[in-house]
Amino acid sequence: MSIRKAAIRGLAIAAVGSLALTACSDDSGNGDGGSGGDGGTVTLNMQWWGNDDRAARYEAAIDAFEAANPDIKVNTGFAAWPDYWTARNTEAAGGALPDVLQMDTSYLRQYAGTGQLADLTEYVGNGLDLSGFEESLVESGKVDGGLYAVATGTNTLALFYNPDLLAELGVEMPEDIGSWDEYTALYAEIAEAGADRDPAVYASADHTGTFWLFLQWLIQQDIDPFTEDGGLNFTKDDMAAWLETTAEVREAGDAFPIERVVQLEPVTPFSAVETATEFHWDNFLASYVGESGVETLELMPLPSGPDGAKHQFFKPTMQLAVGANSDHPEEAAKLIDFLVNSPEAGEIFGTNLGVPSTQAQRDALTLEEGSVDAKVMAYEAMVAEQGHVSEVAPLPIEGFGSIEEEYRTLHQEFAYGEMSVQDFVDRWFAEAEIHLGG
Amino acid sequence: MTHAAQASKAPEVGKPARRPHTKRPSRRAAETRAGYAFLTPWLLGFLGLTAGPMLASLYLAFTDYSLFRPPEWVGLDNFTRLFDDPRYLNSVEITLQYALIGTPLKLAAALGVAMLLHSRRRGQGAYRSFFYAPSLIGASVSIAIVWRAMFIDDGVVDRLGQGVGLEAGGWVGDPSMTVYMLILLTVWQFGAPMVIFLAGLKQIPNELYEAAEVDGAGPLRKFFRITLPMLSPVLFFNLVLETVHSFQIFGSAFIVSNGTGGPADSTMFYTLYLYFRGFRDFQMGYASAMAWVLVLFVGAITLFFFKTSKYWVHYSGEGR
Amino acid sequence: MSAATHSSTAAGSPAARRGDSTERGTGSAAVRGPAPAGGPDAARRSRRRARARGTGRTVLYHGFILAVGFVILYPGAWMVLSAFRPSNEIVGQVGLIPDDTTLDNFTTAFSGIGGISFWTFFGNSLFLAVGAVVGICLSSTFTAYAFARIDFPGKGLWFSLMIATLLLPFHVVIIPQYIMFNELGLVDTFWPLLLGKFLAAEAFFVFLMVQFMRNLPRELDESARIDGAGHLRIYWSIMLPLMRPVMVTASIFAFIWSWNDFFGPLIYLKSPENYTMPLALRQYVDQTTVSDYGGQMAMAVLALVPVLLFFIVFQRYIVDGVATSGLKG
């Protein structure tokens, strides 16, 4: 008994003591880091979304930054996409965003519009060098005239495919895919060829589940997805028509089964080498290669629209922003400057954050023949040269992130066959109204 | 309320007899002061962390509040929206399904095993502890992860199914099975109610059974005539507690679905949906309305149990 | 509000009645271990009966118990053994005997996540759990003393309100609480997770203590009062020492519940260096893009080690605590 008593007493003392300690450290860490100038060091907090691979790159880049700026220390953290936004939302609510945070166009308006982000205009040319940026890329970070985010790079949609797997199946990938119907026809062909394998191989999971692809398709039909004032510019019929493009695939059971998609998460079927193709942003090549272990993955432009053109667009892959509540916006801008301009950071990140925004960083990439970075760079150069990229990215309206998430969730239920196209469309529009109307 | 009455009665009975009457008024004031002094921490917590927030969320339930902008009064909009929201209705449906299937199964398993253990004394203590263990770890993230891994495509459960000719595939990916997967997880934790049942069984006087045996009662009759009525207060307690708890399932569903409530919203239980609306979409008003509906519902269920309890719960004191 | 009050008054009663009906249990079982309820007589009788019914039933009994035991044990055993298997050989391994063992998974687990050491998470969890134990033991005995030993106006009302919070779904308070802690700048600190513990916000523990304290003989504090002791002295030097058994039970549960808590840390802890074990574990599953089942299982096992240790050491206290108070695991 006495041992236990002593132990409890000891624990109590320890606990009270350490509670006092955290209280102190919280004060100095959070309260006013401004006075952190005591020791001459400023501590920045930085958050991003991504996986281990990206984390390792950020760590390396930040080590380099700290080496170059011994008076700035950077604490970092990261999460996967949905968790990341839940966490940022809760922080934004209390005006407690990190000093530097990874931002996405789909959330930019919501955050900038509600005053959560710092206007970086005053730092441009004054610690934050944007001279190497294309004008349109700088523009993408502006909301109502203020500069709230800096793009890390650009990306565009692509069709990824696995040449080795296709060869094994005896299916030939067309040089160019002239229409969405032509692509859809691949579902049946590959499903048949891959049926005997264990696990069976398919062309892809139903690609109509990707919201961005729907927007891309709308643009090909000459419809701007959103209006200037932040509303929807397409109809229920448009969305229904898009979903109907793969109706036959679903009926025939030629799409990769949703049951399996769910179980493979967070890895996609393409990464698991259970589908031969997948649409995604071109900067995903690195993670595809890393996850699948297949070095020979390739990427090609999207199927063409009705007029035979691709109508693709470049979009900022992701952006970096500064929380409005930051005590050290100047140092934060400095960190952003380092991440987007320094050749060192460019070399560390490769195309992980998109094809870098600045020539200086693009030049710093070590482009070995056939390497991931080389393929992505070549792809973007090609789609630009061939005129496949001819549009501007859809307006990043406020609430975009939420309606995209609703689309993804609903489509999952839809893929299980528990919902008709009409139900899907009705429900999505009802949700969109709530997210965009408020 | 009886307990409260008892609580305040007991000291009154004892004290006046021993204390001189003249001292009483000042003594009373001192007692009151001491009482509230001792109660202060709890009172602070109650007012600041429970009662205050409850009122605040009641107010928020009638507003549109995103945390980014000040709350805006919308009247009953949030509540009417609830009943038009297919995802909300789905969450109610699967939560009820989980509670109404899971709780009886769990209690049946608990009672069955408790009776089995009760029938022999030897080794009972060890078995009791052993069977209780899942209740202690069942709510942890670790076990939820294990559960997911066991019920995935080609996982342990799928393999065992294949062994007996079932080609069911993984439960994790099948929206019609995920609820059952979580029901199995809660049934697996039957140990806690079992331990309570065992304690209840011990309280049943052996003479009752002996008398029944003399009357020639079989095991079935003994169960329905003696065990069940005598155990009904314990059963009642377990039923209320387990039902109310099962409405609040969160962690295991969150982990098993990889933090999505999927597939196809099949694990989007009530509290998960509330969490997503409140803390991901920041529809704090809407989430508050959901929370209050839950409170009212739990209140109604508990009330229902209590109102009906007099027909089937047998308290030995009152019964005889 | 009225419905909530109803629910809660209602909610209180079963527990209260149960507590009353098993007070005998609190005295005997909880404190002194297993008192054979039926007495030696009953044991002899049941033995005789068993012999009479023959060995068939004994075999059936043990067979059944073993079957149940196997089902109980399997997931845990599978988890532990999987932690020692190579990552790609885990899913679908039905058997429990590893043919190929490795410690790699533990190396991975101990290496931490995103540059943050495993021990940071472990330390955070430990700190919170110990804090919860200290807070709950102090605040709930303190509060219980007021309810069980002091007579003052309004006590009945407060007690009912306290009982009312027993079954209250905490989701109804979580949003305003969050807003409040956010305003105070306490999000991403341990305060929101500990404050309630120090303010006796968990009614179950208060209730447990009140039940126990009511069974302590009143003569003790009466005589102390005659000797001139005040309430604080009586609480500290008479009640607290006597309440050791129930405090041990409460401590164990406070520790384990805090250790396993997922929702609170999920909402309040933002930066990875503040993560607790369950959050880190979830983060690990989320971040390992190539499903590293081995690492997951190893971390899952490590996250449960303290709980299992507690269980092995204190199982009697734990199970008796459940039996007498209806505590949940």
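So that you can tell them apart, the chains are marked A, B and C in the order they are listed, and the count of residues begins at 1 in each.
Here, contacts are C-beta pairs under 8 Å (C-beta built on N, C-alpha and C of every residue); 3 or more make two chains touch, one makes a residue touch a chain.
Listed by chain with UniProt protein names: A = Multiple sugar transport system substrate-binding protein; B, C = Multiple sugar transport system permease protein.
The shown structure was predicted, so the numbers you read here are calculated from the model rather than taken from an experiment.
S.K.: Could you tell me which chain lies farthest from subunit B when each chain's centre is the average position of its Cα atoms?
M.R.: So the chain farthest away from subunit B turns out to be A.
S.K.: When contacts are scored as defined above, which chain pair ends up with more C-beta pairs, B-C or A-C?
M.R.: Per the contact counts, B-C leads.
S.K.: Where the centres are mean C-alpha positions, what is the separation of subunit A from subunit C, in Å?
M.R.: The separation of the two C-alpha centroids amounts to 40 Å.
S.K.: Can you work out the whole-Å distance between the CA centroids of subunit B and subunit C?
M.R.: Each chain reduced to its C-alpha mean, subunit B and subunit C end up 14 Å apart.
S.K.: For subunit A, what residues touch not just one other chain but two or more?
M.R.: Subunit A, residues with two or more chain partners: 83, 90, 93-94, 266.
S.K.: Which residue numbers or ranges of subunit B touch two or more of the other chains?
M.R.: 67, 152, 258-259, 279 - these are the residues of subunit B that touch more than one other chain.
S.K.: For subunit C, what residues touch not just one other chain but two or more?
M.R.: 178-179, 267, 286
S.K.: Which residues, counting only subunit A, touch subunit B once they are in their complex?
M.R.: Answer in residue numbers: 82-83, 85-86, 89-90, 92-94, 114, 116, 257-263, 265-266, 402, 409, 412-413, 415-416, 418, 427, 430, 434-435, 438.
S.K.: In the complex of these two chains, what residues of subunit A are touching subunit C?
M.R.: 1, 4-5, 8, 11-12, 14-16, 18-19, 22, 26, 30-31, 45, 51-53, 55, 59, 75-80, 83, 87, 90-91, 93-94, 96, 266-267, 271, 287, 290-291
S.K.: Spell out the part of subunit B that touches subunit A in their complex, as residue ranges.
M.R.: 64, 66-69, 81, 84, 86, 152-153, 169-170, 172-175, 258-260, 262-265, 279-283
S.K.: Considering only the defined contacts, which subunit B positions touch subunit C in the complex?
M.R.: Answer in residue numbers: 1-5, 7-8, 10-12, 14-15, 18, 31-32, 34-39, 41-46, 48-54, 56-58, 60, 67, 113, 116-117, 119-121, 124-125, 127-143, 145-147, 149-150, 152, 154-156, 158-160, 188-189, 191-192, 195-196, 198-199, 202-203, 206, 233-234, 236-237, 240-241, 244-245, 247-248, 250-251, 254-255, 258-259, 271, 274-275, 278-279, 284, 287-288, 290-292, 294-296, 298-300, 302-303, 305-306, 315.
S.K.: Subunit A touches which residues of subunit C in the complex?
M.R.: 114-115, 127, 130-131, 133-134, 137, 178-179, 182-183, 185, 187-190, 194, 244, 248, 251, 267, 270-273, 283, 286-291
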